[in-house]
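In what comes next, chain A is part of two complexes: it sits with chain B in the first one and with chain C in the second one.
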Partner chain A sequence: MIPGTAGPVVLFSLPLAAAIVVFIRPRWSVPVTLGTGAVLLAVALWLVGVVLQQGGWRQDIGGWTAPLGIGWNVDGLSATMLLLNAAVGLAGAAFHAARPAPPATARDPRFFWPLWLFLWGGLNALFLAADLFNVYVALEFVSIASVGLIGLVGGSAQAAAWRYLLATLLGSTIYLLGVALLYGRYAALDLALLAEGVEPDLVTAVAAALMTLGLLLKAAIFPLHFWLPAAHGRAPPAVSAVLSAVVIAAGYYLLVRLWFGPFAPLLGTGVATLLGLLGAAAVLWGGLLALMQRHLKMLIAYSTVSQFGYGLLVFPLVAAGAAHPAWAGAVMLVLAHGLAKAALFLAAGAIILRHGIGRLEALGGDQRGAVVAWVAFAVASASLVGLPPTGGFVGKWWLAQAALASGGYFWLAVLMLGTAFTAAYLWRALQAAVEPGWESGGEPPTLSPALGLGALLLALSAAALGLAAPLIARLLDAGPGVSG
Partner chain B sequence: MGTAGVIFDGLLALALVWLAWQATRAADLFHAVVSFIVFGLLMALAWVRLEAPDIALAEAAIGAGATGALLLSALDRLVTREGRRTVLYEPGAAWGFWIPAGAALLGALTLAAWKLPAPGLGDEVLASLGASGVDHPVTAVLLNFRALDTLLEIGVLLLAAVTIWSLGRAPSPLVPVMPSPALPALGRLLFPVFVLVAAYLLWRGSHAPGGAFPAGAVLGAGAILMLLAGARPWIRSSEHGPWRWILSLGLAMLLAAGIAGTVMGQAFFQYPPGTAGPLILLLEVAAGLSIALLLFALYLRGEPCEHGYRGSGP
Partner chain C sequence: MTVYLSLAGVLFLIGLHGFFTARNLLRRLLALNVLTTAVFLLFVVMARLAEPLDAVPHAIVLTGIVVTVSTTAVALALLVRIAGRMRDEDTDPAAGPRGGAG
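Up next, the complex of A and B:
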């Protein structure tokens, strides 16, 4: 047995088991979730260490090998995504546990904890899965848990949750049609097996088109992003954090897995350029709309639409021959974005709790109780913009290197323009802190100091990711393929 | 297949497309829901024609039965008659986007399906059936070869129930007053039959079409029928009492079976040699119970009362 195979078992089983426990015994929710989160973070860190030492591996489930059985795939990409999920999951849970009790008139989100743990488990299952149908079931898991979490606060959030449900179910169904075609054509669902046998014929092309469309919808890539801002803007802060940081990244993760795995023979210049153009449009359109928002959380939500555009630039850059820096740069950006965006949403949650309102012009004035949150917001902004030495800087630097090496000056221009937009809208948010603001009568609410702390830790790790760049480069050295 | 078979299949396919069109385009929601239920029944027939009786059972019980009952009761809660008669589509969006997109998708799928060699994995499954602990290939796939999928699917059901509970309390009264006094009697008379059929399906699963999903679906549908016939929903959301345990039982047992493999030094979900047969039966009973109760819980449309309906019910 390879050392490390117990890691995926824990990462898969523990959140689901904990979800059952907190469903049956709600009063144990907070200690069980935080304890589970601490263990999951430790195991994910350890798993990254094991992958650094011995490279990735595949482990069979139930003792059956593919094509009959299902497997888990652990490599640099999946290990980093598992780590991102653990970090955001723990910070979000801590935020939710530390927030002041909602007023008696508000809906009591009693089922937050089981849904949170179910989402965690579904995401871990997805990042481990090496089988297209197993991925589909994990996607359903993630979708339904996300819908439940978005709708928890009731009111307009429930309408947003409903729209999200329709969009994400449509995405799953289209994805599943593609999976069925691939199974009918190759009698295999395993990513590595398919990668060996795929031929660029009509059936494969239709399957690839369907699965890509479904995943683009789930990753809210322009122009299929219509459902994202309301859903991410209206959910509770911890939920917005995990949705923007990890759930969207899961859709992107699958796109990368598929196009650099089974569909690699189909990735000609045309497809790659099309995906790149969608990314470029997302960067600019999302950035422009973020700049026009008046509500702090909506601004951050539109920023997610914009930032995932960078991720799609990996396709034209790799197709143009700059594989390594482009690939590592895109993954680095997704990681840095995940940590920074979760930090922004949690900080925004604390700031809005402090001021009682989310309008940008109301957030100024007296900042007692929100100082840590604003510091976290600023550090996370630095990483999102890409100031050295943050993770955002390293990711953009690698992407820029790839663009220069392959003569992709158009993509370089997109990168620059997107950075200018990011700087502009985040500056607007930070500017709001030092404006006079709206006079609130009476004392500010007393908030637990732990509220801003999770955001600060996430923001600092987004920044520190830049210092760990050599390690990340080594982790992703094996490239995007799936180990067989 | 003879000419009669081809004609039957062609008519079936045409009827399915026509019913799908009715279900999505009918201006009257009641009409749409009935079309959807008939669609589910014909779909079950189509699965029979495709020699997939397991899926046919599940489709009839869940696709037509439980989903149809849910849609009808949702319809009942739309208070105004005007609310039931809505234009479900905007002609502009329909003809400008959805209909062309749907036609393109259908065309691409038809073209692709035409070229499918469709080898499947049937031979591989049969070759490994001896080591799976059961004699029915579908059960072997669901609870041995791809047990991880089944674990996640039962997890999705539990997750869906928790999500529905999180949306609010179950409406009260759950069902409108019954116009017919015969229905409660009929419901009481039929329920033992549902239990018997479910138990039979569960036992059959090891060697023939059946197993946890159809058995759970039949039992759940029977419970829903009892409810429609005027029975009080006996399930409680209280932390005390067995209900939360039974709802979680299927997922918990599958997780335990998976972890047990690792603890014994084998792969996740690897059954110890010689125990696969009895273990699978145990897992099927647990999963079947959970599935039945989960389907029933989904039908309640919200978190049930914590401490019983006496006094608060109709």
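Up next, the complex of A and C:
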């Protein structure tokens, strides 16, 4: 037995067990969730250490082997995503626990914590899943929990939740159709088994196209991003943080798993360029719209559309032969984006609580009670823009190296232009802090210092990610990883 | 078998058409269910085509049905709330929250 195998079991079953406990005993919600989160973070860290030492592995739950059993796959990529999920989940939970009691518009506050924990467990299952059908089940699990968390706010958030639900269910159904075609062709669902046997024929190409379409819809890649801004902008801050940082990344994670796993023989220059162009359009269009937003949270939500465009640049760069730096750079960017974006949403949540309103021009003036949040916002912005030595810088640097090495000057230009957009819209947000703003006159509401602190810790870890770059490069080399 | 395969194709198209044209929220949800059923039918056809009979697609469809029941339930719960809110706003916006005044 491999020493790490207990880790995934805890990562999957602990949040689900905790969800049931807090559903039955709502009074215990906060301590149980925070305790669970601390354990999950520790286990994810330990798992990363184990993968660093001995490489990835595959395990079958309860000794039941595929196809009827459920297999899990642990490697550098899944371990880093599990760690990201644990960090964002814990910070988000701390934020939600520390915020002042919400107004009575929230209809079912007691359902928040069980859904939160279900989402956590579902995401962990997704990052561990080793076959295509388990991925489908985990995707639906994540969708249901996310929709519930958005809809709990009530009011116009319910309409946003409904649109998100339809988009995400359509995405999973199209994905499942692709899985059915693949199963009919190869009689296998296991990612590793498929990776050995896939041939570039018509059925496989149609299946790959369908699955990619479904996942693009879930990852809100341009032009399928229409549902994201409303859903992420209207959700509570902690929910926006985990949706933007981890749930969207999960869709992207699956795209990478599929195209660098079973579908690698299909990844010709044409397909790769198409995906890269979608990414480039997302970077520019999302950046432009973020620049035009007047509400702080909507600005951050459009920024997510823009930032995941960078992730798609990995496909043309790998197809052009620069596999290693492009691949590591894209994963680094997704990680750094996850930490920084969660920090931005939590900081924005604290700032909006302080000012009582989210319009950019209203956020200036007296900043007592929101200083820590603004500092977190600034540090996270630095990483998102890509100032050295942050994680965002290292990710962009690796991508730029890959573009230079493979002669992809167009992709390099997209990278630069996107960075300029990112700097511009984040600067607009930060500028709002020092302008006069709308003075309400009264004393600012007293907020728990924990609100800004969680955001600051996330932002600092996004920045520190740059210093851990050699470690992450080694982690991504460990395990089965990618055949460029 | 061709009959069932084409039936799955037709069902998929009907579902897709309904999903993108229906204005009624409940109809869109039902169209989505038709779409999912088409995919399940495809899985069952796969099972029948395999030599010998393959049990895995059956397990997949069973799990899929459970998943679809759950997602449909969540969608309906959300729908009921949205409909309730719209009805409140339609009848009398000034009436305040329901059950407020006894």
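Some observations on this one:
The rule is simple: the second predicted complex is superposed on the first by the 469 of 484 C-alpha atoms of A that agree within 3 Å, B and C clash if a C-alpha of one lies under 4 Å from a C-alpha of the other, contacts with A are read in each partner's own complex, and residues count from 1 in each chain.
One rule holds in what follows: a contact is a pair of C-beta atoms (placed from the backbone, for glycine too) under 8 Å apart; a residue touches a chain by one contact, two chains touch by 3 or more.
The model shown is predicted, which means the values in this text are computed figures rather than measured ones.
Look at A:M292: by the touch rule set out above, it reaches neither chain B nor chain C.
When the two structures are aligned on the shared chain, A:G62 is found in touch with chain B, with no touch to chain C. By the touch criterion stated above, A:G148 is placed in contact with chain B and with chain C alike. Contacts of A:L166 after superposition: chain C is touched, whereas chain B is not reached. With both structures placed on the common chain, the touch criterion links A:F133 to chain B and to chain C. Shared-chain residue A:L176: touches chain C; no touch with chain B. Contacts of A:V9 after superposition: chain B is touched, whereas chain C is not reached. Looking at the shared chain after the overlay, A:P109 reaches chain B, while chain C stays out of its contact range. Here chain B and chain C are compared by how many residues of chain A each touches, and B touches more.
Taken together, the two complexes place residues 67-68, 133, 137, 140, 144, 147-148, 151, 158, 177, 181, 183-184, 187 of chain A in contact with chain B and also with chain C. Interface of chain C with chain A (complex): residues 12, 19, 25, 28-29, 32, 35-36, 38-39, 42-43, 46, 49-50, 54, 56-57, 59-60, 63-64, 67, 70-71, 74-75, 78-79, 81-82, 85. Every residue of chain A that touches chain B in the complex is listed here, in rising order: 1, 5-6, 8-9, 12-13, 16-17, 20, 23-27, 59-64, 67-70, 72, 109-111, 114-115, 118, 121-122, 125, 133-134, 137-138, 140-141, 144-145, 147-148, 151-152, 158, 177, 181, 183-187, 201-203, 206-207, 209-210. Taken in their complex, chain B has these residues touching chain A: 105, 108-109, 111-113, 115-121, 124-125, 128, 144-149, 152-153, 155-156, 158-160, 162-163, 165-167, 239, 244-245, 247-248, 251-252, 255, 258-259, 261-262, 265-271.
The touching residues of chain A, when paired with chain C in their complex, are 67-68, 107, 133, 136-137, 140, 143-144, 147-148, 151, 154-155, 158-159, 161-162, 165-166, 169-170, 173, 176-177, 180-181, 183-184, 187, 189.
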